[in-house]
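Next come the structures, one after another.
Here come two complexes built around chain A, the first alongside chain B, the second alongside chain C.
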Partner chain A sequence: MGKWMHDIDRRWLYLLLFLAVALPMLFPSKGGSAVILPETQSFYDTVERVAADPKRRDKLVLLVANFSASTATENLNQYESAMRHVMRHRLKFAIVSFADPQGRELGQQTADKLASQFGYQYGRDYVNWGFKTGDIALNVKALARDIPGTIGKDIKGTPLGQIPVMQGVRGVDDIGLVVETASADTLEYWLAYFRAAGDEPVPLLFSCTAVMAVEAYPFLRSGQIQGMLNGLKGAGEYETLLQSPGFATQVSPSLSWAHFVILFLIALGNLSLFLSRRRAGSRGGA
Partner chain B sequence: MFTPKTGPELWLYIAGALLVSGVLVTSLQLVPGRLRKPLIALVTFLAGLFYIAEFFLPVDPTTRANFLTDYRAPIAQVNQVLLSFAVGVGVYSLLTLHTKNIVRRRQGWGFSVLLLAAMFGILVTGLLKEYRPNPINQAAFSLFFDGGLKSLDAAMFSIVAFYIVSAAYRAFRARSVEATILLVSASLVMLGQVSLGQGLTAGLPTSGFLSNLRVENIREWILTRASTPALLAVELGLGLGALSTSIRLWLSLERGSYFEKDV
Partner chain C sequence: MPTERIVVWIAAFCTLGLYSILYRENKVFRFFEHLYIGLGTGYLLYLTWNDTLKPRWWEPMVQEGRWWWACAVPVGLMFYTVYSRKHAWMSRLIFGLFFGLTAGQAFQRYAAVQFPLIRSVVSVPLVNPPEATAPGAYALSPYSAVFNNVLFLAIVVAVMSYFFFSFEQKNKAVASVSKFGRYVLMFAFGAIFGSTIMARLSLLIGRIHFLLHDWLNIAP
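This part shows the complex of A and B:
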């Protein structure tokens, strides 16, 4: 039995994972309990707090799209929910990307999708600063002091100073909230060069892929970030809090079953190791 | 400090920039070989010196700035322009390599045709969508971006899940005490991460001592209490390493095959 387990064809493992992901999508169910993790709750609460704060609600929200289509399943769903939340409270926002040129397009597509639903108009209620190449640290550091000088023009080629939503926006003190959605290690630039560069610290929220989340927990615990969406699970919980179930909620059972398959295979692999060791031990004893 | 230019003034600035760049590049080509490395070292030192001086020089308490602070944005823009050249170099490199593949009918030349077609396809449709926005141009761009790039990118990344499954089965073994601790911790974090796992301990109370045994609370404890100090230690080590490497680069003290090449 141990040998069979050791020699199992990897394609069976692939098939098992494929079925674990596909079947819950084909036959949807409730998918078990829906515990909202504390970091997701604080993410939601921070947006609510900013919207209720008269000092912050008229400032610009930065929706940073530092991701590409490769992690869209996690990041795009997080980003869409964050934008929906911001639009629900009629906060002004800017889309920007420093890490990937696709972020500019994915951010705009999300805005195009939601703008008509919430009556948002480009230029009046939101703006897309586009993708800014160059060293992210230098860009973010410069942004804290001089936003129009660092960004220059929006995606339509209009100087920022001529865009209604950008009136009065000069630097970090005119930003009410930063929501960094990332598939790369870019959070630390906002922590080091932007968050605390103004009169008061700017609330900073982080939504990332699940593999990156572990590295962000120290910042969450120290209070440097106010909330976090952890991968697709975090996006699903956020959709629950917003009472706006979408793709992340729909695929939550698939995610659960995929995790279970991996755990099952880890257990099976270790059982195989145990049996082969026992066999080797009995041979040695004989 | 510098404002965006439009109309004829913009073209004047572009012409001026091209002229100055031409003179500068020609002058650099004329620099003798033995002086090139010191010149690079000097430029590197001055570039680094700006940020160090800007950070350490005292600031005016009312403006929170010193005389260098307002140059941050223009220098960031210079950096954006410099990095943009890398895009041009990348495109040139791709073009020459794949055109040679096609012309010489090298093995797999069909993929080169596909690559160039996709590159120019998304470039042309992207430009048309921006500067001649109409439903046809938008649909053409969407075909490349949504139908091609987005789907292929997502498909490529999702394949990783299959490798994780294979690795989980073959490599994640409790061969030692440390590996067993890692395995148990990872399993608990995974269970606490998903609703099915959370359902296993859903019957336990949400407050009081027994709530600590809920799997999502165990996960939280592992992530925020157990692994945070280790992560901070790693981050500190990385930071110190990055600092020492940065100083060596800044002062052009770094040695090795790349840094000892002739320029």
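This part shows the complex of A and C:
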């Protein structure tokens, strides 16, 4: 039996995984309610706190889109929910990308999708600073001191000083909240050069791919970040908190079933190894 | 066929072409792989020019009379002298400058990022329960939070003892603590592996949803 399990063609496993993902999509069930993890709850609460704080709510929110289409399933859904939350409270915001050129476009597509729903207008309520190439550390450090000087012009080629939403925005003290959505290791730049560069620490939220989440948990514990969305699961929890179920909620059963299949395969692999070792041991004994 | 549907069909073929590697290595996969890399590089070049070089360098130099920005060209070209044996010394100058700059920033970043982390480790309340809203309390009940902190500190000490190689760990107590450190490290690696699986599955889910919902229209 152990040998048979050992020799399974990997393509059967791919097919099994495909079915585990596809069947819950084809035959959706109601499913249970999502368990909200504390980091997702504090992510949500921080946006609420900023919106309720008279000192912060008139400042600009930075929605940093450091991701590309390859991780859109995780990051784009997180980003869309964060933007929806910000728009719900009518906070002004800026889209910017430092790590990936596609971020500026994905951020703009998200804004285009939601703007009409919330009555947002480009230039008056939000702005897209575009993709800034070069050393991220230098960019973020310069941003804390001089935003118009670092960014220069928005994606339409308009100098920042001529854009209504940018009036009075000079540096880190004019930023009310930073939400970084990332598939790259860029959190440390915001922690080191931006968050504590002003008169008061700027609240920093982090939504990342699940691969990166484990390494970001210590920053949550130390209070350096105020909340975190962990991959697609975090996006689903956030949608639940916003009472706005979307893609992440819809595909949650697929994620659960795929995890179940992986666990089953790990157990099968270990059983196969155990049986083959026992067989080898009994042969050796004979 | 409307343009949107054509885009969806092209995207579906790209997806299937790239996933064909799961069956076996083939030319269709190689074609789409090169197509994707080429598109990505071209897009990066365009945006580097459009969003950064044009507004921040070219226009100030050409339209606003800041001619001194032209000095950036020979400085930038110094990187490429690495390909010439005779002039490679020039590339060392510019590479050295950037190494120094990056190393200095790395020191600053390390202190700014890691010191608060270390402070949070050594200042966890072990007797008085923290408030549920305090960082690191994780909204746990007060005594669970204290237990959590004690466990956390024990794990920190155990893991550090595992990486202490200055003398042989002959003492039974030290060896046991070190062994415990190794086990909790394995837990951490397991968590990272689990998270990686979740991330990769999320990507698969996104593509399958695209194929079933956007392309074939058979999933709600």
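Here, the second predicted complex is superposed on the first by the 284 of 286 C-alpha atoms of A that agree within 3 Å, B and C clash if a C-alpha of one lies under 4 Å from a C-alpha of the other, contacts with A are read in each partner's own complex, and residues count from 1 in each chain.
By definition in this document, a contact is a pair of C-beta atoms (placed from the backbone, for glycine too) under 8 Å apart; a residue touches a chain by one contact, two chains touch by 3 or more.
A quick note: this is a predicted structure, and the numbers were derived from the prediction, not measured.
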Partners on chain A (chain B, chain C) - clash or fit: clash
Partner chain(s) touched by A:L275 [first = chain B, second = chain C, both, neither]: neither
Which superposed partner A:P28 touches (first chain B, second chain C, both, neither): second
Touched partner set for A:L242, first chain B, second chain C, both or neither: neither
Touching partner for A:S256 - first (chain B), second (chain C), both, neither: first
Chain B versus chain C as contact partner of A:Y189, first or second or both or neither: second
Which superposed partner A:A210 touches (first chain B, second chain C, both, neither): both
First, second, both or neither for A:K132, with chain B first and chain C second: both
Which of chain B and chain C A:L114 touches, first, second, both or neither: neither
Doubly contacted chain A residues - partners chain C and chain B: 14, 17, 21, 38, 70-73, 102, 132-135, 138, 152-153, 155, 210, 214-215, 218, 220-221, 230, 233, 255, 258-259, 262
Residues on chain A engaged by chain B in the complex (per definition of touch): 8, 10, 13-14, 16-17, 21, 31-35, 37-38, 68-73, 102, 105, 132-135, 138-139, 141-143, 145-146, 149-150, 152-153, 155, 159, 161, 210, 214-215, 217-218, 220-221, 230, 233, 252-253, 255-263, 265-266, 268-270, 273
Chain A-facing residues of chain B, complex: 1-4, 6, 65, 69-70, 72-77, 79-80, 82-84, 87, 130, 145, 149-151, 153-154, 156-158, 161-162, 164-166, 168-170, 172-175, 183, 187, 190-191, 193-199, 202, 216, 220, 223-224, 227-228, 231-232, 235
Chain A residues within the chain C interface of the complex: 11, 14, 17-18, 21-22, 25-26, 28, 38, 41, 70-74, 101-102, 104, 130-135, 137-138, 152-153, 155, 157, 188-189, 191-193, 196, 209-211, 213-215, 218-224, 230-233, 247, 251, 254-255, 258-259, 262
Chain A contact footprint on chain C (complex, rising order): 22-23, 43-44, 47-48, 51-53, 55-56, 102, 105, 108-109, 112-113, 116-117, 119-120, 135-136, 138-139, 188, 191-192, 195-199, 201-209, 212-213, 218-220
